[in-house]
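Each structure below is given as structure tokens.
Presented sequentially are two complexes of subunit A, the first with subunit B as partner and the second with subunit C.
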Partner chain A sequence: MIRLGPARRARELRLREESPLRRVDPRVKLALSLGASLAVMLPLNRLVFFMGLYALLLLWARLIDEAATQVWRLKWILILLFLLDWVVIGLDLAVIITLRLVLLAGTFTVFFSTTTPGELRLALEWLRVPHRYAFSVSLAFQSIGLLDDEWRSIREAQQSRGAWAPPRMAEGWRGFRPSGLVAQVRELVALSVPAVVLAVKHAWAMNEAACARGFDSPRRRPYRRLTMNRLDWLLLGGALATGVALVWVRL
Partner chain B sequence: MILEAEVGLGSAVSAEQVTYGYFGTGGGALTGVSLAVAPGEIVLITGPSGSGKSTLARCLTGLIPHLYHGEMKGVCSVDGLSTVETPLWELADRAGLVFQNPSEQLLATSVEEEIVFGLENLGLAAGEIRARLDEALARFGLLEMRRRSPQTLSGGEQQKLALAAMTARRAPVLVLDEPLSMLDTTAATELVAHLTQLARSGTAVVLCEHRAEYLENIPGVRVLKMGEQVLDTDGLLAAPFQSRAGGPSCLTVTGLGVRLAGHRVLHDLTFEVPAGQVLSIVGRNGVGKTTLLRALTGLQSHEGTVLVDGDRPGLGMVFQNADLQLFNATVREEILYRLPEPDMELYGWLLQALGLGSYEQMPPLLLSEGEKKRVALATVLMRGPRHGLLLDEPAVGQDAAHKRMLITILRALANAGQIVIITTHDLTLAAQADRLLLLGPQGFVADGPVARVLEDHAAWERLGLVVPDWVRPDRDGDASGVWR
Partner chain C sequence: MRQRYFSTFQLILLAQFAALIVVAKIALRLPLQLSGHSGLFWMAIMIVATGVVPKRGAATVVGLTSAILAAFLGLGDFGALDTFLSYLAVGVGTDLILWLLGSPEQPVIAALAGALGHFAKFLVKWALAGVVGAPMGFVALGLLKAIVSYLVFGALGGLLGALTLAALRKAGFFAYLAERK
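Presenting the complex of A and B:
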């Protein structure tokens, strides 16, 4: 019996449908994230206090685990920077820089975990970003989730042709035993070339598909428009008040 | 090359002496093509891989020369407008293009938004967009999935969505580049029915397709051929595959099950495949055929056991998307990659049999889809998998001659004592195997010699697949399948 490995987590950009922020206007969520990110200007004790308050917002929005996941993904960078700052400058600065990075990683969870690429496009267009750029950004946002799957597919496809392989796969192929730095560089090339080619090809195919449906037409009229409800106004007021307060405290 | 000499004034779309070469290739992808299609007409363009069908589709819709900067001669017009002088967005209002790979042409995060995207670009009022959206969803049976992400749909559903998104724009011309290649027989038959209906309502339909058999017998369809079949196998010797030492082996699969993202994809599959047999696995889009092959190679975690003669199997696999497997600078380097003592006799034979001889010094990633697939097959065969070979949708992008050669190679491999398994939607290819296995959502629906399974109408009905009239087994059906 072959044991099931840990269930492969669907890494595509996952929308948190259960979050009360899911139905909130994307412009408000952008304001919330940007407003909260101003807290990086605060000194250590106030920064810690603000992070506590922000954690309460995440808790209410049922996003605390998602924010923790985002921070956890950065763990090695955070540890490295912390150690570097500690050695080069000092412990106080190392702590505050690390906390600021943690805050920045957490603040945009509010936006990215509850907003679809289409909503992002509408928010950008409202901010007067030209349609072609807003559309490109939303497509890029949409494609992030596919990168991990694509990388895994390439790795498997390479193993299946015997170009390179983990020890278990290598048993079945004649004359192939990867080892050493040169072999590892070759493996990296074998993975990177298709990854780049696929990314370019995919982008080009989407460009063709968009143009074949009249993309860039000067006659374009958007079908959906963003509208604000009471909760949106309330949160926007909160975001603006927080931003002003943070700037005022800092000054 | 003149496909149709009469380029009339009343044509919805036309090409007159069109020649095109892609930038930097130095060769002509299209040479002197003339064609005219009237409103309400269906024109089927067939031809071998690399004959320029996709290039012609791009020329007819204006993507060439607007997005491609090669050298173009001749004139293409859509609805009386020159494709060179008219802006692309204006041409798109008159001629739509549906591409081969449905997943690469879907741009939005929901089915609804996908259709709305093209309608917004027409500058329609919100009420008109809503009406056309509802009509397109109903017409293509997409109402229940209107809020789903296009990436979660099956290949057939994705292609239907691509067609719905395009036809909602009501362009008088519709060009389709191999839209059937990734579809199962039911989805392909449905798509052809939609196209016939569109033509009846006055749309000019141009279809570039290898799987011509779906349309050839429909009354009123004009069939045009591009290029000559080029596969020089004169003097090709018998396949130099080395017979496997140690007697016949057998792949034994017991209780195989796979769960993906919390959903059960494969459930308790038990079967055997003896060496020397070519097995075809057929099922609807999204039923788990690729997952089954990945599980057999050990790439996919699974329940149950997969063994060859009590040992872990050594099976090579050719993926559906050959781009994933290729990365070297030339076809030669690709096929001989890291082989310390390559069998040059086999190498030469593979080049000739797979029609790759003239591409030896070309970058494999610049070849057509069908050619790339053949290079990927050669790379796997040169390495000599220990027990056998798995091929995921090998017929996609292959013309009839290359499909015939493919089955010849697979049979030679089987005769050399290897296990050979293919998954395919192409029943003409599946019918050339020794044994056919029908896979449904709950497991195997039928298993046995091809002739017998093809006659099992109840099994096909349960599977939701139609068997078109032209599918006939190639062999006597005397090879006995082993199933439990």
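Presenting the complex of A and C:
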């Protein structure tokens, strides 16, 4: 689990271990998510049918609450857009746009809530993404918590020495002193320079460690490979059949 | 051995910058109550990345990596697809602008690249609005105030990036970096 940010606005990367999709191959989950995104192009009646099926999948995968949270964050935009479209154009368009937005907001829940960065790396390598890039992405995941802690320490140290001070909440835009914007930006250099140096030092240490373990060796073999099991084929086949049916079968 | 466009160190470094962008987005929130103010550090780091790894595509690599990280961490309000495309667009946009304008160490060029790179996020929002069929005029109207704010903070971020690069050069950082290719 990665947790970062101050307690009030913390973000977490938490896996849904209880979900049956946790055991599914990441390539299948990626295909399901991409396929679901394409469903926004369906006409209204087929879209409603597809969303019913997708809700059943989320229910089975115990991810319906996760998707609902994602959609809930959009509630005001959805309501406003729905009313606007209904008043100005018509109910049909208002419904289809709202459904498409809901689908787009929740479509990748099945992938991101049930996949680890390591599994993502394996999926990227299978997709012929260069292994050095896939490796750097998974390193970035591991560095987030560390960089967060260290950068916060730098900020607190700089603030305690009076190098810069964040604008106060109550003052909002005026707290940023529009008259002295450039001067304020100049003060922030005291914060950005140590952060950059920190990132470079961190990258160099990881590069050395990786090279010492033969990372760039031409005879490199992956430690783990992805394999498809029966559930993976079943889900993939089901998704393909649904896609074909939605495009060609008359409802 | 075949010469690679980005060395392993450069790829890891760009990924670290991407992680820094995500950290800045979440942890370093300035209480300004204005949309887009996170672009200040976001674009600064993006510009610094293109200065430290002066190759075409560096900003795109940072954008792509930060897009994957941000989508995994559930950033953004419109779902993972919008988040992924927005972060990626910022990287691609910055690369394109710098390809047209030149070195990110010039404050004016960095400010322009910051503003237009940050603005690329809106092109994604418009494109997605077009895909879902939302009336583009209303979307543009709704985003008008935010657009100005995004351009301003993007430009300030670019400027901060150029100033950071200048400070790093003055401190001899690039000589230190040259030993670590």
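Please note the rule applied: the second predicted complex is superposed on the first by the 127 of 251 C-alpha atoms of A that agree within 3 Å, B and C clash if a C-alpha of one lies under 4 Å from a C-alpha of the other, contacts with A are read in each partner's own complex, and residues count from 1 in each chain.
One rule holds in what follows: a contact is a pair of C-beta atoms (placed from the backbone, for glycine too) under 8 Å apart; a residue touches a chain by one contact, two chains touch by 3 or more.
Being a predicted model, the structure only gives us computed values, none of them experimental.
By the touch criterion defined above, A:118 lies against subunit B but remains apart from subunit C after alignment on the C-alpha atoms of chain A. Once chain A of one complex is fitted onto chain A of the other, the partner contacts of A:193 extend to both subunit B and subunit C. In the superposed model, A:139 lies in contact with both subunit B and subunit C. By the document's definition of touching, neither partner reaches A:35: not subunit B, not subunit C. Once the two complexes are laid over each other on the shared chain, residue contacts for A:219 go to subunit B alone; subunit C is not touched.
By the touch criterion defined above, A:159 reaches subunit B but does not reach subunit C. By the document's definition of touching, both partners, subunit B and subunit C, reach A:207. Of the two partner chains, subunit C is the only one that A:108 touches; subunit B does not reach it. Among subunit B and subunit C, the chain that touches a larger number of residues in subunit A is C.
On subunit A, the patch touched by subunit B and the patch touched by subunit C overlap at residues 2, 4-5, 12, 117, 139, 168-169, 172-173, 175-176, 186, 189, 192-193, 197, 202, 206-207, 210-211, 215-216, 218.
Remark: subunit A residues 2, 4-6, 9, 11-13, 37, 40-41, 70, 73-74, 77, 81, 84-85, 88-89, 93, 96-97, 100-101, 104-109, 111-112, 117, 120, 132-133, 135-137, 139-141, 143-144, 147-148, 151-152, 155, 166-169, 172-173, 175-176, 181-182, 185-186, 188-189, 192-193, 195-197, 199-200, 202-204, 206-207, 210-211, 215-216, 218 touch subunit C in the complex. Across the complex, subunit B meets subunit A through its residues 61, 63, 66-67, 88-90, 92-93, 96-97, 99, 101, 104-110, 113, 116-126, 129-130, 151, 165-166, 169, 259-262, 294, 297-299, 301-306, 312-319, 321, 323-327, 337-341, 365, 376, 379-380, 383-387. Within the complex, the subunit C residues that touch subunit A are 1, 4, 6, 8-9, 11-20, 22-24, 26-34, 40-41, 44-45, 48, 52, 61, 65, 68-69, 71-75, 77-82, 84, 128, 131-135, 138, 156, 159-161, 163-164, 167-168, 171, 173, 177, 180.
In the complex of the two chains, the subunit A residues touching subunit B come out as 1-5, 7-8, 10, 12, 116-118, 139, 142, 153-154, 156-163, 168-169, 171-176, 186, 189-194, 197-198, 201-202, 205-224.
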